[in-house]
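As written, the chain order gives the labels A, B, C and D, with residue 1 at the start of each chain.
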Amino acid sequence: MSAVAAPTPVELMTIAGSRLLRDGRVVFAGVGAPLEASVLAKRLHAPSLTIVLEGGSIGPRMLPGRLPVSTNEMRAAHDAFMLTSINELFLYGQRGCYDYGFIGAGQLDQYGNVNTSYIGDPDHPKVRLPGSGGANDIVSSCREVMIMTRHEQRRFVERVDFITSPGYLSGPESREAAGLVRNRPVAVITDLGLLGFDEATGRLRLDALQPGVTEADVHANTGFDLLVSDTVAELAAPTEQELAELRWLRDGEKSNTATFREVTSAP
Amino acid sequence: MSGANDKLMTLADAAALVSDGDTVVAGGCCYSRTPWAMLLELLRAQRRGLTLGRNLMCYESELFLATGAATKLISSWVGIGLRWGIPKVFREYVERDPSVYEEWSHLSFGLRLMAASMGMPFLPTASLLGSDLLERLPAQEMRCPFTDQLLVAVPALVPDVALIHVHTVDAAGNAQIEGPAYMDVELARAAKTVIVTAEEVVPAEAIVRHNDRTQIPGFVVDAVIEVPFGSYPHECHGRYEADFAHFDAYSEQVVADGVAGVEAYLAEVVERAGSFAGFLDTVGASTLLEQRRRARELVPA
Amino acid sequence: MSAVAAPTPVELMTIAGSRLLRDGRVVFAGVGAPLEASVLAKRLHAPSLTIVLEGGSIGPRMLPGRLPVSTNEMRAAHDAFMLTSINELFLYGQRGCYDYGFIGAGQLDQYGNVNTSYIGDPDHPKVRLPGSGGANDIVSSCREVMIMTRHEQRRFVERVDFITSPGYLSGPESREAAGLVRNRPVAVITDLGLLGFDEATGRLRLDALQPGVTEADVHANTGFDLLVSDTVAELAAPTEQELAELRWLRDGEKSNTATFREVTSAP
Amino acid sequence: MSGANDKLMTLADAAALVSDGDTVVAGGCCYSRTPWAMLLELLRAQRRGLTLGRNLMCYESELFLATGAATKLISSWVGIGLRWGIPKVFREYVERDPSVYEEWSHLSFGLRLMAASMGMPFLPTASLLGSDLLERLPAQEMRCPFTDQLLVAVPALVPDVALIHVHTVDAAGNAQIEGPAYMDVELARAAKTVIVTAEEVVPAEAIVRHNDRTQIPGFVVDAVIEVPFGSYPHECHGRYEADFAHFDAYSEQVVADGVAGVEAYLAEVVERAGSFAGFLDTVGASTLLEQRRRARELVPA
């Protein structure tokens, strides 16, 4: 790995996220790191992973160097096997057709509740964020919900200011009582580690650390009392191949479209 | 809705179909197939007090707020795109008064149009449950009359006017869209008045030849305007890529100057340009052709 | 008109029905006489009439001699400007986009209620009929509902055995109480005359007679006490052109497709 | 639902995905794009006690009732077409015991599939109000939670198995339909198991090339079978016209002999023919080609 620059925090979490996606499944991915993780998984170990994107794109294969800046644009539709309407795309999710829902988070709390709407009091907000987009719908319907975000104190808060996209609310009973019975949040992937949910309480639990990160590092960057698994594993470092692929996808080659098509047309 | 066979008109004629205070919903999604020419025309016509709705909004959000053309926005997400983040002036407006913005989830917004398009006053969904969005919205929990399952009912959204940009349309308004349809089919069926701009107006027989690709029937359409590059600087699937350099320039200007930046932008693209064709001239033919070439790399003909 | 055979009863009612359809409107037509009346209207006085058919066909122009045997088949889709799904086609109706709903009737009563389901007690039926198909949906949503049927005692009954497609039920209040507030039945066209509805009672009323038919003929073929307008008009006899066009549509020429296309492509 | 990339199998394999007692819903409409080969295959496999649903049913209704393959039918209309009227044996079955037949309106049947396809337990409609259909159906009146408008709630219909015949499909099940889609898109999304037969199985790249015409995504499909003329003697839009002479002969036989006529028909097209290809041989190549030519007169290539 000597010839390759060390992974950035975002690369670390993107690669860790990509490894969670199993072949033959369907992932509804948000733009940015979740999408990049999905494209990477499809390129490396999950060639039959179907990526679906908010704007109506089912099964796209991205052109390296031209990853989409929004999930609705042509880059996100490239070589898809189906382009449909937004409602239809989301309704496949509500019907239960999507194995994974994969989103980012502005602010998130110990129950996996996500806020992408308001920092501060929603009636007198300090900061207006971009909003739900499809995130609320994704967490309400996709079978296994995964969240990817940088691990920072300001993001990992005791209680989000506003629940845009519910996780466990205040625990499994509250989630069920709210009618959220179709699916569940399963993982939060960060640049410091991999977090799962404690079944009994619905609270976040540290399951694995990124290479070189300590439990203390994680606690120092978490704004609430984080549960810790009995056996905290260490995630394998990104391989040279993972890093090279990810960077190629992100930065592209000198528009060598033909080569890419050849490679991605394999099953 | 109209059964007439010739609905061709100018952008200015079409703007006259929009009244101050109307609820106007724009088609496309974020910076894709946005009815940009028609949105600029409403600004040129100085409409005031509109409620502007769109499933995901780009920086038209702040163009309409800053001019007073809109006093309320309805959407599920407002941003220019990952690279530029949330429009600064939009943020300022909402942080000053959150009531100018009504936030839905993407699907629940879409279901509101779908309900209207079905002639129903509501539709049920599993979205919004348990969220703080629900508390602030005119939606409400309900139980399935058969299963007792807890669901959310969202009320129909019947726009006074829909603005939709498509690839091809005939003079009667029969329209065909390439690539993702976004929410345009539901929107066309939901609204009281439908204004369609198109890259190309084609003879009726060209529509008939591919009749299983017609997505909007003429009888819901009131106005048809041919506007090549009508979404520019936003993209149109297979026709031209979004002009990110234009977004960069816009974004820098607004980050630097706030509302004054928005005003400077509009002075240029609306006032000085004089018309949408004039705006395209300021972009320049070579740029337009390059954006067309780039689109073809992503969507081969 | 000497060279042309006299109109049959079905031709009489079809032509009378066609005249009610105004140009620039949208008619949702059932197969058989309503469809033939619509196609005829479009050929003669309503070139911008949009015909919509149950199977998903919007704006078809029929090939003479190949009128559809079901509203879902290729003949019904010929030269349409839009082919869509069945639900979408009906939902345009529920949305209020269709000016006319035009159906046939197996049995119908003095309130315009239509039965196409069961003759006799539905629990022990004498005859099972084909059923609603789209008729129930059409009468529940299309703005003006028109019904076309042969005028026979066995069809025009005091009270239908089964309400497949509601008319005024037992009067305007009952229709409103049932939630049928979007539209109303306006006409019944038969081979004996043209019937409207009395606004106050919702009962059928004889408004006009087919040429040569007397009020007594109508009463003799009606199984209930039919209201009669103060001024019963006589319908104009079918013109030679109407008859020739209708027969040409039904029977076709020697597959002279090209000529037909030329003619129908005119506005 | 399955994410596998190769779902190609035989009709017999696919029939094994259907269990006695299942609720099976067939796509297409009346005698158009009927999954005829697959329906015959279920009869060949002697499935019993099915509930067979279809928006408008042709004479498959009585083939299934007379053999005991189905003990209940759900539809909005049963007939062969104007020229042949209502299938005689179907009539006899229902007149003997009306409970074998559940009658909806066309739209309310479609909304039941649409509800299931949306993952919702019900949908509201303005159909059925005031009718006697409503009293006999598992639907019920409800009021809009916002407007208090009187509506009818129809319950979702989640078929155990959907049978759908399309024009083209790839091995993963991504399917494209030409002409009207009928209710096939909702049906494919509604059912637990989806069996797709197609005029042609094409490479994945052929689907991608026209990706905005894909109507059924592979991830809802479980079985893919290439069956040219797979709707015959029913029609397939643009590919072949329905064989009215075949309907005439069938209808005469059944009007004359009732159930025995149905049995004689099945002895010929299922038993003696041995396979669907064998059945097509009995029809004859020149007839098939003539029906193809006639389709092209109606739907130019």
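Note that in this section contacts are C-beta pairs under 8 Å (C-beta built on N, C-alpha and C of every residue); 3 or more make two chains touch, one makes a residue touch a chain.
Please read all numbers here as calculations on a predicted model, not as lab measurements.
Of the two chain pairs considered here, C-D and B-C, the higher C-beta contact count falls to C-D.
Averaged C-alpha coordinates give centres for subunit B and subunit C that are 40 Å from one another. For the pair subunit C and subunit D, the distance between C-alpha centroids works out to 28 Å. Taking each chain's centre as the mean of its C-alpha atoms, subunit A lies 57 Å from subunit C. Each of the following residues of subunit D touches two or more other chains: 119-120, 125-126, 149, 151, 179-180, 212. Multi-chain contact residues of subunit A (touching two or more other chains) are listed as 77, 83-84, 91, 93-94, 141, 182.
If you check each pair of chains against the touch rule, the ones that pass are A-B, A-D, B-C, B-D, C-D. Those residues of subunit C whose C-beta lies close enough to touch subunit D in the complex are 31-32, 54-57, 63, 66, 69-70, 72-75, 77-78, 83-87, 90-91, 93-94, 117-118, 122-137, 140-141, 162-166, 169, 174-175, 178-180, 182, 255, 257.
On the side of subunit C, the complex with subunit B involves touching residues 23-26, 48-50, 58-59, 77, 79-84, 91-97, 99, 141, 182, 265, 267.
Those residues of subunit D whose C-beta lies close enough to touch subunit B in the complex are 119-126, 138, 140, 142, 144-147, 149, 151, 153, 155, 177-180, 209, 212-213, 300.
Across the complex, subunit A is touched by residues 1-5, 116-120, 170, 172, 174, 189-190, 204-205, 207-208, 211-212, 214-215, 217-220 of subunit D. Within the complex formed with subunit A, the subunit B residues making contact are 29-32, 55-56, 75-79, 81-83, 85-86, 90-91, 94-95, 98, 101, 103-108, 110-111, 113-114, 125-133, 136, 141, 149-151, 179-186, 235, 237-238, 241-242, 244, 295, 297-299.
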